[in-house]
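Chain naming follows the written order as A, B, C, D, E and F, and within any one chain the residues start at number 1.
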Amino acid sequence: MDSSVHQLLVEAGTLLLVGMSFVFVFLTILIAAVHGITLFCKRFPEPATPHPSSAVPVVSQQNDAGQPSPQVVAAITAAIHQYRQTK
Amino acid sequence: MDKLTVLWQSTALAHFQGGQLIMMAVGLLLLYLAIVKKFEPLLLLPIGFGAILTNIPLAGFSEAGGILYYIYKVGIDTGVFPLLIFMGVGAMTDFGALIANPKMLLLGAAAQFGIFATLFGAILLNLVPGFEFTLTDASAIAIIGGADGPTAIFLASRLAPELLGAIAVAAYSYMALVPIIQPPIMKALTNEDERKIEMAQLRVVSRREKIIFPLAVLLLTILFLPAATPLVGMFCLGNLMKECGVVDRLSHTAQNELINIVTIFLGLAVGSKLSADQFLSVKTLGILALGAVAFSIGTAAGVIMAKIMSRFSQQPINPLVGAAGVSAVPMAARVVNKVGLEANPHNFLLMHAMGPNVAGVLGSAVAAGILLALVG
Amino acid sequence: MDSSVHQLLVEAGTLLLVGMSFVFVFLTILIAAVHGITLFCKRFPEPATPHPSSAVPVVSQQNDAGQPSPQVVAAITAAIHQYRQTK
Amino acid sequence: MDKLTVLWQSTALAHFQGGQLIMMAVGLLLLYLAIVKKFEPLLLLPIGFGAILTNIPLAGFSEAGGILYYIYKVGIDTGVFPLLIFMGVGAMTDFGALIANPKMLLLGAAAQFGIFATLFGAILLNLVPGFEFTLTDASAIAIIGGADGPTAIFLASRLAPELLGAIAVAAYSYMALVPIIQPPIMKALTNEDERKIEMAQLRVVSRREKIIFPLAVLLLTILFLPAATPLVGMFCLGNLMKECGVVDRLSHTAQNELINIVTIFLGLAVGSKLSADQFLSVKTLGILALGAVAFSIGTAAGVIMAKIMSRFSQQPINPLVGAAGVSAVPMAARVVNKVGLEANPHNFLLMHAMGPNVAGVLGSAVAAGILLALVG
Amino acid sequence: MDSSVHQLLVEAGTLLLVGMSFVFVFLTILIAAVHGITLFCKRFPEPATPHPSSAVPVVSQQNDAGQPSPQVVAAITAAIHQYRQTK
Amino acid sequence: MDKLTVLWQSTALAHFQGGQLIMMAVGLLLLYLAIVKKFEPLLLLPIGFGAILTNIPLAGFSEAGGILYYIYKVGIDTGVFPLLIFMGVGAMTDFGALIANPKMLLLGAAAQFGIFATLFGAILLNLVPGFEFTLTDASAIAIIGGADGPTAIFLASRLAPELLGAIAVAAYSYMALVPIIQPPIMKALTNEDERKIEMAQLRVVSRREKIIFPLAVLLLTILFLPAATPLVGMFCLGNLMKECGVVDRLSHTAQNELINIVTIFLGLAVGSKLSADQFLSVKTLGILALGAVAFSIGTAAGVIMAKIMSRFSQQPINPLVGAAGVSAVPMAARVVNKVGLEANPHNFLLMHAMGPNVAGVLGSAVAAGILLALVG
């Protein structure tokens, strides 16, 4: 066997070992982190109704004119559905 | 084992510097403000994320070849991104309320006092040890008082790129804080009776007036202040596309896909300027302090101007609407409406405040042009 | 006081005066311009129904596939109207 | 006082040159045509606006560092923008009518006579003092006769960039004027009976035919005219994305957001070539005159070819459809339909005219390729 | 007549001949090609229902969950736009 | 006659080389796979089309000044396009299933064995005459085993640009072939009873968990593997925009218009690397063979890991879900679901397979980072 290939094989083998170990260690730490996140979110649960009221209102330089409210969209969608079926 | 050493050397753990950790915390703080406090999330979320990315050791996001480097070079160094944002904002802006009551332009002018007074303040800060603001730096900082993100980023990229990160963060943060900063000033400068004043309903503005308006603004800017034409020109292009009614597909794209794409990139590029060596300086504290001063002075100047106009006007003018002259569209107008409703539950000032609000956008673009012409 | 700061203060003061004057002059001219536009548009009002007919038809290289048919739009508009009124 | 002098020097008033004022008037005229007369507003509005911006003294929109400079460099100098527009147009084009009646391709060929005859005319114009068109200039001008915006811009950017502004303006203006230019020519070359001819209904074309068609067009172009493959290739890519049915999200984006974004930039970049020194020349008048000639000759050639074909064809061919061979999609086809209805209220020629209409797009892309190969 | 113009005219004339010939030859070959395509598609017709089922399912990295059809969205947007403007 | 000679010389017929014809056939094959066989059409259609364009003689699509040249330079050479795609994919990815059952991350880790084992195989191939893969080449090839298009293109553009075309084609082709490659391996490594195992329903994950998750992933990547932060960072940015709920317009754009535009360009640019001299080499055959090996080993490693975990876990784990660890989102998860249903018609594994499926995306981004850090 070519000696340079032999050397490359050794390097590839090392990469295989180091790489797989690292991937496993990394994702195992991530498992722990997810458990941590879950615990944190259980201990400090979200307020029951976070959306409607907050001290600082939703702010945006870009106005949102033309964006219909979800209720309106729902109503329209229903209306279209009805229209399509009765067509 | 050799590979393990290389791998250890290629973790960040071996290379973190204190400043980078602090800047990542700043990035996380911006994400917190954006997501939880809903401070201008469209900009502060990508800015915060960009701040984290740019401070990762070894990753080289903002070095030649890194993605943030390319985005900054292509979009901010050239000035193209803030101008495209401004085109999109123009395509979202309705000047109807201003055309119906053009006197409101004076409120948009008065509120620019926040910019020029801050210029003074920035220079005075040089008396404090540790500050060394040139007139150019001071101009870039003062524009925070314009309460207009793209204008601030554009001017800072021309005059003081190394302060861009702090200036953009200050501008967007204070724009988000308008509901907290403005009401006390508005209430201190007005009495209950003034706040109760109801204003006459605005007339309907014809489509043709709305089409000619941006062209007239552009024409005046060309004649008197060419240095402001990049900002004002792109803004008027957007507004003309919106109002003319014959290029709706272009107007829609400018207001949506194009501005969204550019916003993501602009935010990341601004974030890339939040590096430890540029941001962790006493200058940043100065910029943050001056920004708050600028907003406050601008608000006060607007309200005082409105009080003066109220005295000379036949039609009633509620002095609260002056506060909307700082721009921060549409938040400042909403704040005016809210404070007005507190004094008089039948007093809907929103439309009346939209006039000075959009006038403020023009006013700060003009102010930016003056600073570019005289200082740049 | 540092002489260079003093000089900068003078410059800033000049900028303040010149800048605010310019802003006021500029926007005051714009007020006049808006009054002019309004007068112009009153004197030469838009034709009552500019949309339906014109000598040169609306032209576009880009076709408008994907635009909903007018009937669908009409149906939806009616539906929304109804929805709003019954709300 | 010093600042005031600087400020005065930085107004445009102190620096306007006559040519710039005239070019701004030209820009306003283009805006008027776009908005009020609805002449190809998607292109002429940004072109007109770009023309105004590029002629502002001191603003430097089209000098190194200006936004129009960057847009031109990135999009037109490279040829990328017209090619992307062409991809989007391909994704909007339905070749069904042409596949159902492929003879119509001959009408798309005949109408290209307008291009090549104008080439002759442009050279002849050199006999008039003041004109000095090279063969390259003449080729770039002649392509106006193709009645196809992106093709004209692409070819002009390759062959005669300094004439690009005038060529693009002429191309889009005459495309908008098709309803005025074509009917007299069509009526002069046909009699009432010919205009009354009704054509057989077109068969339904299968999805598979529509998928193979753009590939066949590309293959032929590769074999016989590689110089045309940038234009034809991008066009066929768009059409294939539309017809294949498996990449609808890409096809939708190519037809909407992407083409809209590029259209805004392309228009501004073309407008940036409307500078006084390049546009205010007797050459521009020549280009406008030659463009009108090109459209007229193309229309006539198409109608005459249709008359010849009508004589040899078993199925009836209304000679009016030949006029649609100049492209100007879909306007020329609508004009054919209108003139046909005037002669015979039951004669709906729209679908029959769509065949030569889209054939004309291919025809002028081929003609552009020939000019690139032989003159470029 | 200027000799250079004369020469250019000869060149333009050649271009006219060569160019128009090429365009006609090219598009005539394309006519033949279209006839070929049509014949091919008649001989090997598409399966009757190509859409619903196929051996390999439609695959895409990008999901398309929750996307209403573009036409419906367009219709709703237009309707809302109209509604907002007439409000 | 002279013009005719020039015209003949400018047809491709006089200049075709054999390799170019073969590569055009390859391009047509890719179009066939995309359109008729529906193999990852969003990428393979533009790749196939780009392959045809780049091999046209005389057209110069990929030479300086050609449109594919510019697209490649701007988007792939800089690494920007795959990163933007990855941001969009992040904005489309729901980590709910993974957060509910984080153990599944181990399956995403195990499946990366396909990458590292292939590295070994690529080096071994050097023993066959004609192959000369360096360790850098081998790494770029091995990443095909990650079953993730943008990751493969990004890594190949950094490590072995001349192999990019073959690597991208192999990656997308095998991703499309997942329903054919995986089931036999899955069935060979499991018995009927194992395949019948039903898994416990997943709990509902709160919005806040989903917001913190991408930040945690980014934080860990920053600490331990900065080389992976370009990929992981952009992915997490997209995911954060999706989950945070305050920048819906940016998230929508990242998932739609932006990713669509970039996909068209990315595909064309990849196709431009399918030139005869780079693709028609025995290396390409090696890459295709190694890609199939990589997918198979990855699938097997995932299933075996799932079997091991099943033994130690209190809750039942169906070993089939391990196959989804290779990513190929969402196809591999659908294949798992299908094979599971064959064994037990009440066994819906789709949601359970989504966990390892998205874990596989993270796993291969991490693996790419390791290869960049140690080999790049």
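What we mean here is this: contacts are C-beta pairs under 8 Å (C-beta built on N, C-alpha and C of every residue); 3 or more make two chains touch, one makes a residue touch a chain.
Protein names from UniProt, one per chain: A, C, E = Probable oxaloacetate decarboxylase gamma chain; B, D, F = Oxaloacetate decarboxylase beta chain.
Source: prediction; values computed, not measured.
Counting only chains that touch, the fewest steps needed to get from chain B to chain C is 1. The chain with its CA mean position farthest from that of chain D is A. With centres defined by CA atoms alone, the chain at the far end from chain F is C. Distance between chain centres (mean CA atoms), chain C to chain D: 31 Å. Between chain B and chain D, the centres computed from C-alpha atoms are 41 Å apart. A separation of 44 Å divides the Cα centre of chain B from that of chain E. Looking at chain B, one finds that residues 3, 7, 38, 41-42, 224-225, 246, 249, 257, 263, 370, 374 touch two or more other chains.
Contacts with at least two other chains are made by residues 15, 18, 22, 58, 62, 65, 72, 76, 80 of chain A.
Interface residues of chain B facing chain F in the complex, by the touch rule stated above, are 3, 6-7, 10-13, 15, 24, 28, 31, 34-35, 38, 41-42, 45-46, 49, 52-53, 56-59, 61, 65-67, 70, 256-257, 260-261, 263-264. Residues of chain A touching chain F in their complex: 1-2, 5, 8-9, 11-13, 15-16, 18-20, 22-24, 26-31, 33-38, 40-41, 45-46, 58, 62.
For chain D in complex with chain F, the touching residues are 78-80, 83, 211, 215, 218, 222-227, 229-230, 233-234, 237, 240-241, 244-247, 249-250, 252-254, 257-258, 370, 373-374. Those residues of chain B that touch chain A in the shared complex are 2-4, 7, 37-43, 88-89, 92, 94, 149, 175-180, 259, 263, 328-331, 334.
By the touch criterion stated above, chain E contacts chain F in their complex at residues 14-15, 18, 22, 54, 56-63.
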